[in-house]
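One chain, chain A, appears in both complexes that follow, with chain B as partner in the first and chain C in the second.
And then the complex of A and B:
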């Protein structure tokens, strides 16, 4: 009996071994290491000096690094994501989830941008925004609105908006899909009962559907906020933080710290801050949703 | 307070659209069609300008179909732009990542759902942490490790991290499918004298075909589109996203070949999506509902 137990134990271990090795080696250990590196002044060539919390102090106080400005930008993106992108997604999800003609087709079209590489999306928008030949300025000029045509990505005032627009646009389909799945899970009897009581579509959405899909709404809000904090690809392709740091976010800051300025300790410090912020926001959002119950 | 009114027959039939004000309904459709166009236009535009010359792109024919179909854009993107090489690199990395992720996640899920031992629930929760860990956390340590081992610019420099980051999601999807396989199958296999390993490989794995498709597609999309790791670890052995970035620096004034490169990078995804849209959507939903 004991031998059988031992063999079972060995089997469990062997079945789990590859997964655990990958998971701990690539995900868990690096988090710990990033935390460790954040206490050092180090570069790519191996020079390493323990400096305690100096990286954190510098990150919070240096205007040259501009961490708070970058953070402000990504929080603005998070706010737009929660208060503009999510309502649009929810509106579409409610409309499609109610069951209208062509709902599958609409759903599939709206989800398409999510699947396309952000680099491709970024390159396309670079072309759309091109000051001389981009389709945006060409259209504006065609409508006689020459003074509205701008150097969208190259001007400090317009760059942030121009970078956020495709970011928000690309993931509407993602949130819509999650919320749509939620709307579809509302039992038909609930809807029918409300219909018989004479409730309008608006009332059904407000009092039955939305409370029913609260769990998925919570996930969507968490994804929207943490996704905004982590956002990198599109900004990297479109402006890489420029012009004059107008579109800097923590991720672009981190990458530049690592590979332009060769400051691995500071790069790790930013990475640690990002992870902490993501977990903190996820917890706060969960708590808010819980309180509402 | 519920209003009472006389019930009409249509209340009992398809109640959904009938109640809506027809004007509102038309408005809703206009909105939906408009949003569909906003989503389709960039893709349509990409396909058309990949076949045009600069003269058409820059004024003569901005949004229409190309007048002269310029397939030479594709030749320059594939050959001079090295897109063919990047494409093959991406394929190799994606296929290897998918195979590793599939095998590793199925083995782990088997241990956590079919083998009996203490702590298997906790182990599952531990793996699910992976759904929330951002890749930012690993960049510096992995980069330093790879450069120490002289493994930057190799296939494995991306295959291993991609597999690790796909694992949590793959286990999540696997668990759903494996729970549905009746336990009798294992038991009758044991009675016939099969060990756990033979049971796993000859009985369970063949029954996991639907999970293979879902996990495969999800993992494919993750590594096919990934930029941050690829851009840092493999500056010489480029994948498609990194290659496109390089190409756009090279062809700043010639848009046709860039358009061709974008199409080359996108059409495998769109092709898969056309045939398996429902399954792709399901895999995205699965992650969110549990995550």
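And then the complex of A and C:
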């Protein structure tokens, strides 16, 4: 019996080994290496010098690097994701989950931006924001609101909002699909029982559906927050962190350090901070949802 | 005769400048070398030379930035066709990657020591980092064969510790391009020669509802084309050269004052306010569409401007006027040879690759010059009478050059260059003034 258990254990281990090796090689090893490199002053192809925590000290103290400003932008995006993007996604998911006419078509339409390449979306929004011929300014001027027409991506005051709008818009469909799957999994008997008791749609959603899909909501919140902390591609295409670092986020800062300034040690330090922040937020969100339970 | 004069003048002018990157350049990045930043285009081409009579073919691979939409594309294609025909023993493949993406790709390849045999690079500090890491093949032996055609003065920006590591292609300067149709509409037959006249012209343009300058704020190197010219024509080439090369600090009142002068141009409304959100391609298109009267940018644009049947006849190129005659003179220019080919030290056929690179560099220079993509770094071996008038005008400006200052973001090492660009951004966005600019750079760079 013991021998059989041992053989089973070995079999399980052997079957898990390839996946584990891939996981360690692709995910864990780079994280460990980034942590190691963050203690060095290095440029990837030259000699590296051990400098202890100097990179971390510089990251937290240097105004020229502007890490806190970048982090603040990411946290603002995370807040907007949780308090604007997710409620919109949830609203659409609840509406479609009711089984309205054209449900499938609406589902596809809302999910479409997720399927389109971010670079393409970036190019589309660049055209929308173009100060001369962009549809936004053209519409504003057409409505006689000339004073509201702006250089959306070129002005410090408007650039951040202009970058966040498509970022939030693009992933509404993604969260909507996750939540829609949850809404659809609510047993029909529960809904029917509530309806027999005279519950309105709002009450059914509030007291039955939303509590039922809490697990999926937790996943959505974690994805929204960590996704915001890691946000990069759309910002890179639209403003590349400018103007005057107004739209800088930790990922654009990291790319700047790694590939423009050749500061691989500092780039690794930012990478480590991003990983730690993502883990920390994921744990905090899990803890909050656990407490709610 | 004409080509000899041109070659002599260019070589002479370059000697003046090569105190700049001289024999031991520092390190840098971000040259606006190629005129067009194609959207993520990456093309791979294999050129099979005519079959060799005997023996196995040697594989050589090259990476460059001459994408389909790059104005240098034709010169690369023509040069490769010529050189591969002359080397039937070589199976040559090449890949063109968009400018900005290339910078990342080549650095990653150097870090992993997985470079192609031959690669495009920018001279001075950009190549210097790779040389310091021991990843670049020394071209001293191969250079002996080409010394008579490629002046030592042109090799300076890719010479480190007295050894040659790069083959220069063309050289470019920052030019003041003017739409003469617009200038004529406000009563100017030529680009104003003095700074006072120039400002009066800008005021007249403004009064006529025409934007004097277009500048792509989204790509900071485009702002430096203006700012560096203003600093050079206010403080003199030597001052700027010394600062870029770390021989002097940024703590310089004249520089602060010049930066204020530049900011004055911005605050006076001479620049298109929409330009801050535009890429260089968009600003260039606006200039060609007649939205601006002036456009300061690299002379690699000559090919595109002159090649446009409608716009070509309207445009002229001139030198930015002197602002402070006590410290600067005409003939002090921003630019120099930067586009370079180099050979990887890890190449299995480095010796052959070196010879191939020199031949390729010579032909790219030849076709590039004929196409109007820049002035030749190599002594021309051909009649250049058919060169477009814009490039001829650039050649004339260079013939009268007294000093060159290499683009700041090429002359400085990558970290310093990006710190510098960050402050240039702030100046253009009017977040800091001249005093803030020099104080910040003194603190962060020295």
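Please note the rule applied: the second predicted complex is superposed on the first by the 269 of 293 C-alpha atoms of A that agree within 3 Å, B and C clash if a C-alpha of one lies under 4 Å from a C-alpha of the other, contacts with A are read in each partner's own complex, and residues count from 1 in each chain.
What we mean here is this: contacts are C-beta pairs under 8 Å (C-beta built on N, C-alpha and C of every residue); 3 or more make two chains touch, one makes a residue touch a chain.
Please read these numbers as outputs of a predicted model, since none were measured by experiment.
Participant: Which holds for A:259: it touches chain B only (first), chain C only (second), both, or neither?
Facilitator: Both partners, chain B and chain C.
Participant: Quick check for you: in the superposed arrangement, does A:95 touch first (chain B), second (chain C), both or neither?
Facilitator: A:95: touches chain B, not chain C.
Participant: For A:271 in the superposed arrangement: first (chain B), second (chain C), both or neither?
Facilitator: Only chain B; A:271 stays clear of chain C.
Participant: Is chain A touched at more residues by chain B or by chain C?
Facilitator: In the superposed model, B touches more residues of chain A.
Participant: Would you sort A:75 into first (chain B), second (chain C), both or neither based on which partner it touches?
Facilitator: neither
Participant: So in the superposed three-chain picture, is A:138 touching just chain B, just chain C, both, or none of them (first/second/both/neither)?
Facilitator: After superposition on chain A, A:138 lies in contact with chain B alone.
Participant: Please indicate which partner A:51 is in contact with in the superposed arrangement: first for chain B, second for chain C, both, or neither.
Facilitator: Neither chain B nor chain C is touched by A:51.
Participant: Pick one for A:282: touches chain B only (first), chain C only (second), both, or neither.
Facilitator: The answer is first: A:282 touches chain B but not chain C.
Participant: Contacts for A:9 in the overlay, against chain B (first) and chain C (second): which applies, first, second, both or neither?
Facilitator: first
Participant: Let me test your reading of the model: by the given contact rule, A:200 touches which partner, first (chain B), second (chain C), both or neither?
Facilitator: first
Participant: Can you list the residues of chain A that touch chain B in one structure and chain C in the other?
Facilitator: Of chain A, residues 44, 119, 132, 259, 264 contact chain B in one complex and chain C in the other.
Participant: Over in the complex, which chain B residues touch chain A? Could you list them?
Facilitator: Contacts found on chain B: 2-5, 7, 11, 15-17, 19-20, 28-29, 32, 35-36, 38-40, 42-43, 45-46, 49, 57-59, 62-63, 103-105, 107-108, 110-112, 115-117, 123, 126-127, 129-130, 132-134, 136-144, 147, 160-161, 163-165, 167-168, 171, 196-197, 200, 221, 224-225, 227-228, 231-232, 240-241, 244-245, 248, 255, 258, 262, 265-266, 269-270, 273, 277, 280-281, 284-285, 288-289, 291.
Participant: So in the complex, which bits of chain C are touching chain A?
Facilitator: Chain C reaches chain A through residues 29-30, 40, 103-104, 107-108, 110-111, 113, 129-130, 132-133, 135, 217-218, 273-278, 413-415, 418-419, 422, 425-426, 429, 431, 440, 444.
Participant: Which residues of chain A touch chain C once you look at their complex with the stated criterion?
Facilitator: Chain A reaches chain C through residues 43-46, 64, 119, 129-132, 151-156, 239-240, 242-245, 256, 259-264.
Participant: In the complex formed with chain B, which residues of chain A make contact?
Facilitator: 8-9, 11-12, 15-16, 18-20, 22-23, 25-27, 29-31, 33-34, 37, 44, 92, 95-96, 98-100, 106-121, 123-128, 132-133, 135, 138, 169, 173-174, 177-178, 181, 191-192, 195-198, 200-201, 216, 219-220, 223, 226, 230, 232-233, 236-237, 251, 254-255, 258-259, 264, 267-268, 271-272, 274-275, 278-279, 282
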